[in-house]
Amino acid sequence: MNPIDPQLPPGDPLVMLGLLASAILFAVGIVGFLSRRNMITMFLCTELMFQGAGLAMISYGRQHMDLSGQVFVIFILTVAAAEAALALGLVVLLYRRKETLSAEAWKELAES
Amino acid sequence: MVDMSQTVALLAPEIVLFVASMLVAVLGLSRSTGIRSLVPWVCVAALVGSILALEAVWTPERIQGARLLFPMLGKYGKALIALIGIGLVAVSAGSIDRRYEEAVARGRASFDALRVVRGEYYAFLLLSLTGAMLVMSAPDLIWLFLGLELVSLPTYIMVAVARTGRRSMEAAMKYFFLGALATAVTLYGFAMLYGATGTMQLIPMRDALAEQAAGAGLSTTALLGTILTVLGLCFKLAAVPMHFYAPDVYEGAPLPVTAFLSFTPKIAGFSALITVLGTVGWSGHAMVDHDGVRIAYEGLPQPITAVLWMVAALTMLLGNIGGILQTSLKRTLAYSSIANSGYMLVGVIVGPKGGIGAMYLFMLGYGVMTVATFGVLAALERKGEEVDSFESLAGLRASHPGLAFLLTLSALSLLGVPPLFGALAKIVLVFVAFEGGQASLAAVLLLNTAIGAVYYLRFVGAAVVNPTNAKSQEVVVVPHWWPKTAAVVAGLGLIVLPAFLSRLVDASATTVDGYVDLGEAVASDEQR
Amino acid sequence: MNLIWASILIPVATAAVIAVANARAARSLAALGSLASLGALAVFAWQFPAWSTGAVFPEPCGCAWLSSINATLGVGFDSVSLLLALLEAFLIPICVIGSWSAISDRQREYYGWFMLLHASILLAFAARDVLLFYVGYEFTLVPLLFIIAIWGGPERRQAAHKLFLYTFLGSLFFLGSILFVGWQHHASTGLWSWDMGTLSTFASARLPANTQFWLFAALLAGFAVKVPLFPVHTWLPLAHNQAPTAGSVILAGTLLKLGTYGIFRLALPMAPEGGAALAVLASVLCTVAVVYAALICWVQTDAKKLVAYSSVSHLGICMLGLFALNPVGAQGSVLYMINHGLSTGALFLLIGMAYERYHVKDMDQIGGLAKRMPVWAFFMVFFTMSSIGLPGLNGFVGEYLCLFGTYIATADASTGYPGLLGPGFALVAGTGLILGAMYMLLLVGRYVFGPLREPKADGHGKHDGSHGHDPHGAGHGHDEGHGDLTGREIGLLVPLALVCLFIGVYPKPMLQAIGPVVERTLAPYPAAVERTLKSQPQAAEAAKAEPKEDDRG
Amino acid sequence: MIAAPAMLSSVLALAEGPLDAHAAPELRWAGLALLLPLISGVLCLLCGWMKVRSKLPAALTIAALGGAFATILRLQGAVGETPVVINLFDWISWTWGDGSRFHGFTANVDLYIDRLTVFWMLFVTGLGTLIALYASEYMESDVGKGYTRFFGAVSIFLFAMGCLVMGGNLVMLYLGWEGVGLASYLLIGYYFTKPEAVAAAKKAFIVNRIGDLGLALALFLIWQCYGTVEYAALWKAIEAAPASSEWTAQAIPWLLMLGAFGKSAQLPLYVWLPDAMEGPTPVSALIHAATMVTAGVYLIARMFPLFIVNPDALAAVAWVGGLTALLAATIGMAQYDMKRIWAYSTISQLGYMFLGLGVGTTFGASYHVFTHAFFKALLFLTAGAVMHGFAGQLDIRKLSGLLKVPGFRLVSLLAVLGCFWLAAFPFTAAFFSKDEILVSAFTAKDERVHVLGWIGLVVAALTAYYTFRVGFRVFFGPVKYEPGDEHHGHDDHQDHGHDHGHAHGSHGASAAHGGHGHHGEFHPHGPRWAIRVPLVLIAVGAMLAGWPSYRTMLNHGEPNWVKTQVAQSSAYQGVAAESHGSHDDHAAAPTAAEGEHAHADHGHLVLGMDAHTAVGRLGSLACIAGILVSLYLHLINRGAADALRRTLMGSIATRWIVVGAERKWLVDEFYDWVIRLPLRLVANILSAIDELLLDAGIVNGIGALPAAFGRLFRPLYGGVVQGYAVTMAGGVALVAAWVIWIWLRGAN
């Protein structure tokens, strides 16, 4: 590869903003995941985290003037979609069983 | 540029598996019992086929063209996956859909394509194995990520569908949500690695990091990115601090899936781990001391070593002390799986100079032991349910001496009694730890081996020593020969493999052939 | 070489045959297999050319089983290991045939495990490759675990568990140490070797004193559990007490010797600096063990437990002789390993024979059996005398040479081997002779002699159901079942007694066989001890200035 | 106790002959003295296994012992002035390094034949033969039961005693030392169903072991000093380096002494001997009176060159001997069990011997051993005959006037004769030997021991008193007896009286035995020839034991035969220079020994008289005084004795004398309370520590640690997804923070 990295000078505002936003997204995702009991909300929070990571990639991509970050994001979206499908299926299955969306209802498996 | 056709050709094993997975998904829906029962055979054939394909396509030129960080990793690793995959198929065969199939066979139920899961179960199993294989030939982070997801997503479903019940659903839920969390962490780590180096490709990434290392040292972004990636991957390994799901999920999941979970994500995770760590490198790093002098040292960058040391030590410890308290077989084996991840992490820390080879050697042993142990357990049932307590195993040697012997064999091998293969692989691991300057980890490993002995002995005690009780009298052998065969073959392997230890050590050492460590990359840079 | 492998593999093959054979044939097969193994080893010993040279024969082969680090299948004997292996091969048929009446259920498993145990012990003694030694050493635990856990007494599971975990933990120290040495060898010479001789030469010459200190400490820690030394001995009384008779016999006979052999073969030659530096500490532990265990023996009421604790005491003396670091003590120590195996093994066998008849070992409930079983009583007294070191029997020579070696192991000894112990240690350990007589005669006085005390007729009630009733006991009335020793039992004891007698009367061949090996092992020690003495200048000066102060050693 | 190869080797050695070229041909057969008892021991063992139910074992033993005696007699004629070493076979021997001095250890099965050896073996084998003959009748009730065991043990004893005395090195001596201990153990515990016998046997062995430890340590020390434990080489080494002032050389005698005190029942280790009377009486006579207990004397006599260098040690030996003599005599005065009285008298007499050794007269000590062997054997055997005849009765209060009981006249006569010897009545053998010791005590160079001469005289009086206390009470006076409770109630012996009853054809006696001695019906049965003949022979021997002295007395200047025997051995090496007059430059030469006393006694005046004269007169006086007191209290006015006892008991001031003497000065109790019980307590505590603290506490505690830790972590596996998510995310955050911290710290 090119030994000289075509990098933007550090502190590019857009990059910084993007990174900040991505960190916030990720953090919100985590906090939401930890604090919410509704499985659908929890899933959405994981999506938030995914998107946070994706945003970080795009920002870094801009910093490095490189497109692969954006390419990755497309794949992330695809995988997230697959996961969403899976998650919804699973949530429906679980809901059918216990008539609740609360994740706390499922704690049968634990250290006795 | 890379010759695409060559790269695709390299993926022949994966392609074989992928095609087979499509095939079994369809075959599983057939109305014909005969065709449906062909499914495991197809899987085995596909796995054998993938090994053959691997042998056929894995030529030096192609590898050269693929520009892989660990060019030879796939050769050993994919064969290992396929081999153990056969065992895992055999462990599964017979128990998936069994009651429904029995009902159909006796005419109590009519065949309903919507109710059978056999096809998709095996399809997912093969897909997951495909993912694990793909991880091994990832040239960049995107590929790596997709490979990892291909490993995980099918397993989420396998946990849920293989045997519907509250516990497996709960397991699936936990596995899925926590898995997603971990994936997000990995992903963020990937993003930071990308940010630190400006490339998704692993070899340029390694070069960029080498440049950093040769200069002022790795950037904080690179370091944190690596750490986050490692921690995210810890979920796959079931390593501290991402191991908490494992006992619950392993216990809740159907037995064959538990077997699958304790091997496939692990090997995929370890492969991903060394791939990521390979960009950081096990050499060429330096530390600035108080006088501003740079001191070069062997091994991963110090913070990463520190983290991995801690992770490895805690993983072994928490795994083993957790295992002592259990009454459920699968839960115990979950903790055992955690502890074994800890052992293997020692090899990762030591790195390409023996460590990774030893890790893969141990992985082979672990896979064989997993197949043997779960094979025995899958061959048993009590009142139509799988056997999941030590009590149920009591007196096994009276009713089923062969199975009891096999279980003893695999438990002793897990425990580390020479000359069984598990012990020898562990000795090699301890040895490379010494060699890699990780004597303290070697000591921790040995200590943990002793702690682990407590619960492995419980298998032995239950199966061979204890007299039959009311609960274990009802234990019968399932009317399928698959799991039993898997256990027998794997058990024999534990006895026979030591004879080929030397060759296996050499073979597993080839995983790092062609890998250029950071220090060497720096040196070659300077030469240029 | 072939004969060595034959003696190791014949039992393995026997175990395999037993696994598929008729359950009734198991015991005969096992006896045949063990005798065949003994025969092979005896033929080897007959042809053994290195009895008087101390050399290893045959030269370890280079047949690697792990070529990348050059771990080989090297087996070979020098006279010490051959003697210990012969002891093992000699005891196993006795154990097997001795179990004929005691073990009636799960016979195939029992004899199968016994054969594997035999093979692994022989392998450990024969191995010249440390990794191979480790394999044999460690694998012994598995059969023993089963033998105790399945056919043992009421607390058998706990005992087996403790035995396994404790010694397993100990052996990990040893494993770590040898891997460390192997790695150091490679790091230093660029070559791989696991040959005991090579590693010993390398480690003793090339490793710095500090490293040797820790190496010796780790090896000692590993083997001390097996020996067992105070204070890591507590698994032994339990294990002995719960084990079936033959298990106790082989445990006392040769398994414990793996520990002493390990120290003799690996720890001492590899780390002379460490050995010299730690000899005093280790000897203090040994000395404490002698007195401590002897006193505990004295208040036991369980015959088997008494003998078990006596092992701790006896092996304290044995190890003390080794740490005297002079040829006299080491010679005695090696001899003592063999003698202890014979006498204590025989005592366990005898207690087992009585136990088979009464199912009671508690001397509060049973005693004066000489009245019922005069022949048994004769052997009991005979082996007691052997155990307490009556001259003319085997125990004497080893025990006295150990104490003798300890006594003369002073800094200014004129033997050419300065030592770190001295009269003080010998005096304290010597009280073991008195205490030994006290507890062994207590055993004889209550168990063998004295008014006849037999348990009530429901003796079988106490007896744990899971292992064999004696085949005669069930059908006969109580008194009839309690006859004197049968011909089979006498046939087991007579060879033991003859060997004891022979060693006691004519130990010269053994002394001359052991001597050269001992000298080789101790070769680096005079210099190492001198250095240790110099590093404690005050002590050395005090020793020179005030010879009477030398009692502290 | 020895296997075929040993026999083979010794036979070969016999055939090949001794190694010393100048040795007499008779010496070739010296090994027989060991071999024959050994063979008979092995044959007895075989008899036992083949369940022989006849007197065959006795015959074998008597024949073997007789053979041994004959061998020794031949040796007696052949042995010269220089010791001969005969190597039977190699036992313990190997070298290391260059094999030079201190680089090897040799202790072979060698015989060391000099006159002391032969002298000692002479009475050992002689008495052994006679006592075996005696026992063949005495033990006949046990034929088919313990008979073979008994004679097997006696054979082993003779073999071991032979090794002890004839052995060529200290390890051989040790072998014999422990071997006789074993035989003693087996024979004291002969009635093994009797708890007292078992306890006594155990006590004997253990107390002896204490001494043995001293002997073993001495052995090590000797090797450390001189580089050898073989006599021949040792004497040379000592000559090369005499009077070593090294602490090691000075310590040797103290350790040897300990061994000797154990075996020879001296303070503080004498306590086992009285209890040893639980054994059959022939055993008491042979082992615990005549032979084995003199091994300590032999040891010190043999090792005398090592004692010479340390006057303190010799003084200690003398004092221990003197005090033991006194203590045992006082106890003996107050006992009622005949055998026990003789046991205490044995201790007391052994005390004399040690006194003699301590004051440097190895001759006196050995002579006293010699005379004592005969008369004490006689006394025990007569006591045995009485016991045999009176159903185990030994209480001197319950036996009286036996001289008049038919069948017991000879026995009684011999017993009374024995009493005269024991009391050292003037011109009996014991008188001369005791005289020798006391004279040496008065004339020793070491002033510290002179007072022991007076103590010895007091003991002489006490001895005469208690001896005749037995003599007058049991054998004189009105005929009165109660049978005993039939041999300690030993169940093997229940039918003992029965056999005898038939043997004598006396139905009354038989009935009496069955009914455990109803007084009126009891008829004592006298001994037959196998008991009588040895008794008479031993009495003759006892009489002849004084012969050497008579000859010396009659032909003034003729050397005492015993002295010649002793003087030509290591027992006199250096003696001349140290203890006796300096004129006696080489006492080993018999010619130099003559007239020795005349010179030696100059300057040592006792009560203004020449020591010999004074001691002779005082000794006679003491003896006669003791006998007279005894005569009054125990024959003429027996009530006076009881009255005296009552008087003494009545006063607080004197009460302790009686109680103390009767209760053996509470030494056993003292040992029990001061040593045994505390040790037992410690042992119990250690046992508890081992099981509770070490095993259950520490080991199990450490073993439980992993599980305990596991429990600690359990709350983290709570089962709720969010819980796991928290720990995982928290873990990630922690690790990330940690890494940044490391990184920052590393970067600085």
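By written order: A, B, C and D. Residues from 1 in each chain.
Just so it is clear, a contact is a pair of C-beta atoms (placed from the backbone, for glycine too) under 8 Å apart; a residue touches a chain by one contact, two chains touch by 3 or more.
Bear in mind that the values here come from a model prediction, so they are computed numbers and not experimental data.
Enquirer: By Cα centroids, which chain is closest to the centre of the whole protein?
Expert: Minimum centroid-to-centroid distance belongs to C.
Enquirer: Give the chain pair, either A-B or B-C, that is connected by more C-beta contacts.
Expert: A-B
Enquirer: Roughly how far is subunit B from subunit C, going centre to centre by Cα mean, in whole Å?
Expert: The answer is 43 Å.
Enquirer: Whole-Å distance, subunit A centre to subunit C centre, using C-alpha means?
Expert: Each chain's C-alpha centroid was found; their separation is 64 Å.
Enquirer: Taking each chain's centre as the mean position of its Cα atoms, how many Å separate subunit A from subunit B?
Expert: 25
Enquirer: Distance-wise, how many Å sit between the C-alpha centres of subunit C and subunit D, to the nearest whole number?
Expert: Centre-to-centre distance between subunit C and subunit D: 36 Å.
Enquirer: Please set out, as single numbers or ranges, the residues of subunit A touching at least two other chains.
Expert: Residues 30, 33, 42, 103, 106-111 of subunit A each touch two or more of the other chains.
Enquirer: Can you list the residues of subunit B that touch 2 or more other chains?
Expert: Correct list: 173-174, 177, 181, 185, 247-248, 325, 454.
Enquirer: Which positions in subunit D touch two or more other chains at once?
Expert: Only 714, 717, 719, 721, 725, 729 qualify.
Enquirer: How do the chains pair up in terms of touching? List each pair.
Expert: By the stated definition, chains touch in these pairs: A-B, A-D, B-C, B-D, C-D.
Enquirer: Using the touch rule from the top, collect the residues of subunit B that touch subunit D in their complex.
Expert: Residues in contact with subunit D: 173-174, 177-178, 181-182, 185, 217, 220, 223-224, 227-228, 231, 235, 240-242, 244-245, 247-248, 287-288, 290, 302-304, 306-307, 310-311, 317-318, 320-325, 451, 454.
Enquirer: Please give the residue numbers of subunit D that touch subunit B in the complex, ascending.
Expert: Counting only subunit D, the residues touching subunit B are 706-707, 709-711, 713-714, 716-717, 719, 721, 723-725, 727-732, 734-736, 738-740, 742-743, 746-748.
Enquirer: Note which residues of subunit C are touching subunit B in the complex, please.
Expert: So the residues of subunit C in touch with subunit B come to 64-69, 109, 131, 134-135, 138-139, 141-142, 145-146, 149-150, 157, 160-161, 164-165, 168-169, 172-173, 175-176, 179-180, 182-183, 186-187, 466.
Enquirer: Subunit D touches which residues of subunit C in the complex?
Expert: Contact set of subunit C toward subunit D: 162, 165-166, 231, 234-235, 237-238, 292, 295-296, 298-300, 327-328, 331, 368, 370-371, 374-375, 378, 381, 385, 390-393, 396-397, 400-401, 403-404, 407-408, 410, 413-416, 423, 426-427, 430-431, 433-434, 437-438, 441-442, 445, 448-452, 498, 501-502, 505-508, 511-512, 515, 518-519, 547-548.
Enquirer: Over in the complex, which subunit B residues touch subunit C? Could you list them?
Expert: So the residues of subunit B touching subunit C come out as 397, 412, 417-419, 423-424, 427, 430-431, 434-435, 439, 442-443, 446-447, 449-450, 453-454, 457, 460-461, 464-465, 467, 498-499, 501-502, 505-506, 509.
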